[in-house]
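Dropping the structure in here first, questions after.
We call the chains A, B and C, going by the order they appear; numbering starts again at 1 in every chain.
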Amino acid sequence: MDHRPQAWGRPRDDVYGAYDGSYLQSGGPKTATQSPVVTGTSVVAIKYKDGVVIAADNLASYGSLARFTDVKRLRVFLGTSVVGFGGDVSDMQWLDRHLNELAIDESYDDEPSPSSLLSASPNKGHGKLNAANLHVYLQKLMYRRRNDFDPLWNQLLIAGLDAAGKPHLSSVDLRGTAFTSPSLATGFGAALAQPIMRRHAPTEEAAAALTREEAVGVVQECMKVLYYRDARSLDRYSIAVVTKEGVELKEDEQLERQSWAFAERIKGYGTQTV
Amino acid sequence: MFRNNYDNDSVTFSPQGRIFQVEYAAEAVKQGSVVVGIASKTHAVLVAIKRNAEELSSYQKKLFPIDEHTGIAIAGLTSDARVLSNFMKQQCLGHRLSYGRNMPVRSLVDQIGSKAQINTQHYGKRPYGVGLLVAGVDEQGPHLFEFQPSGMTEEMQAFAIGARSQMARTYLEKNLSEFASCGREELVRHGLKALKESLVQDRELTVENTSVGIVGVGKAKDGSTKVEPFKVYDGQDVNAWIDSVADDKEAATAEGETMEVDDE
Amino acid sequence: MTSIGTGYDLANSIFSPDGRNFQVEYAVKAVENGGTSIGIRCKDGVVLAVEKVITSKLLKQGANKRIATVDRHLGVVYSGMIPDGRHFIDRARDEARSWRDTFKNPIPTADLASRMGGYMQAYTLYQSVRPFGITAIVGGWDSELESGVDGEVGRGPSVGAGGKTPGKKYGGPFLYMIEPSGLYWGYYGAATGKGRQAAKAELEKLDLSADGESSLTLEEAVKEAARIIYVAHDDNKDKDFELEMSWISGADGPTKGFHQEVPKALREEAERLAKKSLEDEDEEEEKKEDDKMEE
């Protein structure tokens, strides 16, 4: 008999065999998200003279299943910036709540300042985190999470204004890679929409020459091409125009003047025999 | 018996609802040499009198840069000030890293306020024995804050703390209406004049004992606004300012064509 | 005072033989020295107001706010030791945030009051801490709308989140006052600080019932709040003060459910009316005095 205290109350090893503690150990290394689950596809955005136009469709896919068709993937921050989310939708929701808390923090010291000197105009949200600040913040956040081997499975576009009141458009992905450009697109859009937008705004100067109507037109064109070619896309979409007056967000737009004539000429898919 | 039973720690209220330990800590601020701060629409300046322990020792610094856009002036226990200053530097650096901008001065000051308040509510801690003037510029423009050992922080147009600072405050109150529209140099001169009010008889401002710190809103080449970083001026760098506030009235009356007179 | 010299008042959390914690009572004294704060709950919102006594001419005008936003729909004002109030607000913000983290919804005003009451009470339990030297007034508007959860991306079920009885009213304006002991009650009108007696007397004259034709509207409450602060300041006339006011309305009111500073124009109008009402009263008093003299 084993009378040592650590054996008290235990089945006897000589009768039942040694205690099998293996279930207490997890099998293999620590794991975190290995792949996204419910996903949103492309986000496209382009700068113009007075601001940024950004759009994303309203679909959240579960694999190839068009699972949710009313998902709003453009999120407004402080009424002055817009974040567009591609990738995992639940991570997007986490980020949305996180940014909501950040926005509440910002609203604590709401001191409208009559004598503002460091910014060109007393625009909305003055003295608060602008899109450029938000970009830096999200880049640090995403990079930290990837270093924890627990990435937020998204690619984000941040649209708004910088400290000087100039249009700001930037991107961060799940690795923390961050950059800015006159036009940006995530996911499939990086291949399909980006070339179209670059035709209109190859440089910052060219983007600064675009009018609002032109920019909206280009983005709508991109959304249409994406709907034609991207099997994980939808013809209902959200579009936002961000200027120093604030954010104009429309969340239930319909792609217009679609023409599927080209589809007839596509051969070699599925059960097609001809 | 005891003189006062209620003043042994910072967790005991007196019957009048006062906390003597905090009030005593505020006395430590008055032991420090005087510092003055003024904010205008474009600049915030700090000026200070430095003291040396003895003839041959160096002078204790009074002004410290915190970040590009912020600096502090201290009165009281220098070692306590260093704790707060290190903390403020870290906060500013952290904010710059996370958001890519200058930390708003108000939130920086609120942080040290919260930190100091904790020390007034827990046994075994003591209040900080130092007062600060915090000068900084953020997107709202220039700011001047006063920090007290109680954790009280208030935004001021102009203020003075430290030994005999009441005289300086009286000067500031008298000239308050002028400060908002003052330029950089004018603001420094007002600061130095306030400082002189607080000097004991037959002491004067010298290049050894005077410090000036300036932060402001400057113009970039393309006409846009940008921060003029907080900079501390000591030694010969403050000579011209000291000269410009040399007892001009006396100089003017005492047959003084020789001395340069500063007209306001 | 019966407490002094007994030895029972030298440390927090000590009961005296008649069951009192003197240190908490002394903390109340700190509150009674502070500038007056009030809160008014009326049918369509909440108003908070505070008398900020100007301790120095060198203070920057209008820069030092005393009413704080805790969450979008919640405001706090307090009288007493200002750094303690800052601590209280930091904690209230942490509570509001942790509530959102857990429930994905804004914290109801009653729950915030409860949590902060518990927090204040904890500071009366130990010799290693002292009670808060503040009395805080918490005002909030709990949303009356069918609101989704934080981070919701779609429309959600068309019938709403459920759990609500049809025809019953949800949400609305709430007002609580928390004392250094941790004690808190809900109020129609609350006042604390130096001028609380005068302020309470004025508050009691108002019709603050939740419904009814003659009950106070939010805009009237703003004007009353300004007047009451001016009345409460009357005994303290030699010192200048700044009036700070905030308000919270429902989704269809002027602040759309948010806690905000009262717009400058409205505040100035309220102050003008407050001053006028005081002058009128003075005149009447003088008249009465004169009448008496004549007799």
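As a convention for this text, contacts are C-beta pairs under 8 Å (C-beta built on N, C-alpha and C of every residue); 3 or more make two chains touch, one makes a residue touch a chain.
Treat the numbers as computed from the prediction; the structure is a model and nothing was measured.
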If you connect every pair of chains that touch, what shape comes out? Choose line, ring, star, complete or other. complete
Set A-C beside A-B; more C-beta pairs touch across A-B
What whole-number Å value describes the gap between the mean CA coordinates of chain B and chain C? 34
Taking the mean of the C-alpha atoms as each chain's centre, how many Å separate chain A from chain C? 41
Interchain centroid distance [CA atoms averaged], chain A/chain B, Å: 46
Multi-partner residues of chain B (each touching 2 or more other chains): 110
In chain A, residues with contacts to at least two other chains: 109, 111
Which chain C residues touch at least two other chains? 63
Mind pulling up the chain A residues that touch chain C in the complex? 60, 68, 70-73, 89, 92-94, 96-97, 100-101, 104, 107-111
Which bits of chain A are touching chain B when the two form their complex? 109, 111, 113, 115-120, 126-127, 129, 132-133, 135-137, 140, 163-164
List of chain C residues in touch with chain B within their complex: 1, 3-4, 9-12, 22-23, 26-33, 56-61, 63-64, 81-84, 86-87, 90, 123, 127-133
Going by the contact rule at the top, pick out the chain C residues touching chain A in the complex. 63, 65, 68-69, 71-72, 93, 96-97, 100-101, 104, 150-155, 260-261
List the residues on chain B that touch chain A in their complex, please. 41-42, 97-101, 104, 106-107, 110, 137-142, 217, 224-227
